[in-house]
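To keep things clear, I will list the structure first and then write my remarks on it.
Labels run A, B and C following the written order; every chain starts at residue 1.
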Amino acid sequence: MNSENSVLDPKTSPTFPIAARATLGDTQLRKNVRHATEVIQNKRARVVAEMPDWQQLRESGRQIRQHTMANLETYLEEFERNCIRAGGTVHWARDGEEAKRIVTTLAKTYASQQNPEVIKIKSMTTEEIHLNVALEAAGVKAYETDLAELIIQLGHDQPSHIVVPALHKNRQQIREIFQREMNLPELGEKPQDLADAARKFLREKFLRVNTAVSGANFLIAETGGVCIVESEGNGRMCLTLPETLITIAGIDKVLPRFEDLEVMLQLLPRSATGERMNPYNSIWTGVHAGDGPKNFHVVLMDNARSEVLADSEGRQTLNCIRCGACQNACPVYRQTGGHAYGSVYAGPIGAILTPQLQQLHHAQSLPYASSLCGACYEVCPVKINIPEVLIHLRNKVVKQKGPLNPEALAMKMAGTLFRSERRFRAAQRLGRFAETPLVRRDGSGDGWIGWLPGLLGGWTQVRDLREMPKETFRDWWEKRGKRGN
Amino acid sequence: MATETNGVIDTSSARQEILRWIRAANQGVADSQPVAQQWDRIERPYRRSATRSREEILELLEDRLRDYDANVVRTAEAEVAAAAAKMLAARGHKRLLIPGGLNPAWLPAGFDYVVDDGASPAALDGFDGVITGSTVAIALTGSVVLQNVPGQGRRAVSLVPDHHLCFVRVEDVVETVPEAFDRLKATSTLPTTFFAGPSATADIEMTRIKGVHGPRFLDIILVE
Amino acid sequence: MFPETGKAVVKVLERLGHTVDFPAGQTCCGQMHWNTGYQAEALPLVGRFVEQFRHAEAVVVPSSSCVAMMRDHYPKMAEEIGDRKLIAEVAELLPHVYEFSEFLTVRLGLKDVGAYYPHRVTYHASCHGLRNLGLGDGPLELLRAVKGIDLIQIENMEQCCGFGGTFAVKNADVSSAMLAEKTTAVLNTGAEACTACDNSCLMHIQGALHRQRTGVQTVHLAEILAGSEGDVL
């Protein structure tokens, strides 16, 4: 049941414009995505408006994250020390392959030998490295316990949002999946029925399976503690009932001190789901006798994060707390949904994170999957200037592609024109001449272009272009003279 | 590579390398001040303390808890057991789990109480409900915080049974999140759970559905 | 490209008693290059801009995205060039650069510029004006003070029209879908014209409104504010 035939992988995915064309054609998906993002956006706007100190919190959040990244080595070592002192075991993984090897080795050591199984809490970090595929290959069955992840897993689907991974499915589609995969032909389609079915399906696993795998929202350097926020209680089940807990976290997840949570736990829930606080937050430190798992392992994974850190403009990407607000606010994401981004990180955060985590040439089209409208930056709780990072990555793409492709040549030519008034004027005249065969007059005698060749053809798919003016402002100005006579 | 000998995974070479990469990446942003002083310089102009009166704070907490479908009553210390009896009877619950150290004066007579002794998850699932105290509650967010201390117990206790009756003393109610963290700081390494209402999900068409895996029924008694 | 806007800006400013100059050497702010990733091509345009405008008391630009480009990126670009004099000059000049509506509302403190425009109009808040420049309600206040205007609120006023410069050709399908939402919202208002502070958005919106033969026009805010009772409209 948890065979994943295909995964969202920027190495093999089509480019964004091509993938987007496919999702744009799926009206049901677009309806679902629009509905979900609108609901969350409105909820977010309401609870953010309640906070007179929201902008101050954002600024403190930004400073905390920036300070953490500038002292990342210190804080990771501090976390490690304190976690070990509290009875945890800390592992380090340079990349996803190493992380998967560590987790599968641990899972095989601790899970039942006859029937190796683990229960999982939703974790984008495990999605990033496609951990479930590796576990399955090692003979370990992984059960996703978050309702949305369960829908994805049972539907052999892929996450399309970092907070609400199944937002592209509506209740009828979810019912069909549950009917088929849980063998419940009579299941109703009320959300409550579906949630009840999930409760029944999973409770037995919570009470039985002895090993859990989780991600982390925050690692607390000062105490060696870990914090996870969630809604359903599946997280609490996984963190509390099994004998063994394996937590895998990107090295960017660390926070300096316990009290820094007072900022993050205000920013995150309001931004992510429009709640004042998540229904549940769990914080635990190592192993606590008589309460929760006896074995606790943390895997600290780099997977290109230290490379991002080395890029002075790109490094603010690491400040991200994965709230998904930028996805909900993004007019591009709202049209295409998440799968078009070819990565488990979709939307604006995906457009900057994926190209940096994967080598850029695997994701060259993503930095361009944005109109730079700035809605993402406006909502980001830690003030990541996403448009700025997008432009920075575009510059890297241009350098990588070299100077000889048609776009680069056209840009070079335009650059030459803009550097000289004489050439600029000549180009305006030439433009008028060149466009002549394309211009058609409409009813009121105005000239319009309805078809353009090559790169510019995208424009005229659904738009006309007005012909260039007969008299430019420049001409008019010179005729008129400065004083206007 | 992570090397594995006799089931022990050794990742020390990965550790060294990752830390070296980070050090190199941070070369340009190095700050000569000690890290603790840099941390102190982080500006925190957000609201840290209460702006409402005590009564307003309590009302806000009640409102926010109800907003998330919890059942809330406020009662004087002497009436607590009576209030609890009413709530338990309304749910028709008899067999109740309690953590060690819960104030016996708050427990009404006529119900079966079993003190948690580390029973298995499956055994916990057999109870009608659980009764616990709490460490702190945050009015602004409608959250109640539990820690592993007498009267609140281990985390599984307040998780597996389907009904949770929780006592919150009014002196443990604060208005803002930072005030709560001030109080939690001293015991920050204890297992800690924040809850805001019964468990819920919005994963299906963003409709809030009450009750998935955590307790589906939540009663709160504010003790004055 | 949009001579009517320039003329309208001149008209409004002169009506308010200002002297307008148009340095002939000016070309482009470099936004297209910068935002598409061609940083090297954009850099020389900074010096060019300073060269052309360094003596102006105020530089008024009828395009919010061009102003955003200068404010958000010119200082950094000057640093990149590494020319100390240029860095200083950019820092000196930028506070005098205004987006057109911003010049009227912020620098001059005006709401009513004595305009007359007897039409049904709806206003689209261009992204760069709204979010990068923080124009807020300024343009709307100017419009509300126009005599004879019937101003209708558009749904999702702050949502991007999908232009985004080269985005419109690189991601033509997505851009078209975003544009369709915007034009539907425009048509739902029943307005005769859609206005904004940025001709790039307007060119984009107009492209679809014309293709669909809707008869709805786009006009730059300056052209509305330039309207006066004497005009034949």
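In this text, contacts are C-beta pairs under 8 Å (C-beta built on N, C-alpha and C of every residue); 3 or more make two chains touch, one makes a residue touch a chain.
What you see is a predicted model, and the numbers here were worked out from it, not measured in a lab.
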Chain touch graph shape: choose line, ring, star, complete or other and state it. line
Could you tell me which chain lies farthest from chain A when each chain's centre is the average position of its Cα atoms? C
Just how far, in Å, is the C-alpha centre of chain B from the one of chain A? 28
With chain centres defined as C-alpha means, what is the inter-centre distance between chain B and chain C in Å? 51
Where the CA atoms of chain A average out and where those of chain C average out, how many Å apart are those spots? 32
Residues within chain B bordering two or more other chains: none
Please output the residues of chain C touching chain A within their complex, sorted ascending. 1-3, 5-7, 10, 14, 20-22, 24-28, 30, 32-39, 41-42, 44-45, 48, 72, 127-128, 130-132, 158-160, 162-180, 203-204, 206-208, 210-211
Give the list of chain A residues in touch with chain C in this complex. 16-17, 20-21, 24, 331-332, 335-336, 367-375, 377-378, 388, 391, 393-398, 408, 411-412, 414-415, 417-421, 424, 442, 448, 450, 455-459, 461-466, 468-469, 471-478, 482, 484
Residue ranges of chain A in contact with chain B within the complex: 32, 35-36, 39-40, 52-53, 56-57, 59-60, 63-64, 67, 69-74, 76-77, 86, 91-94, 98, 101-102, 105-106, 109, 145-148, 151, 164, 166-167, 170-171, 174, 191-192, 194-195, 198-199, 202-203, 206-207, 220, 222-225, 231-234, 236-237, 239-241, 251, 256-259, 261-263, 265-266, 269, 273, 275-286, 288, 290-292, 300, 302, 306-307, 309-310, 312, 315
Can you check the complex and tell me which residues of chain B touch chain A? 1-2, 4, 7, 9, 11-12, 14-15, 17-19, 21-26, 28-31, 35, 38-39, 42-47, 64, 68, 118, 121-122, 125, 138, 140-143, 148, 154-156, 159-160, 177-178, 180-182, 184-185, 188-207, 209, 211-215
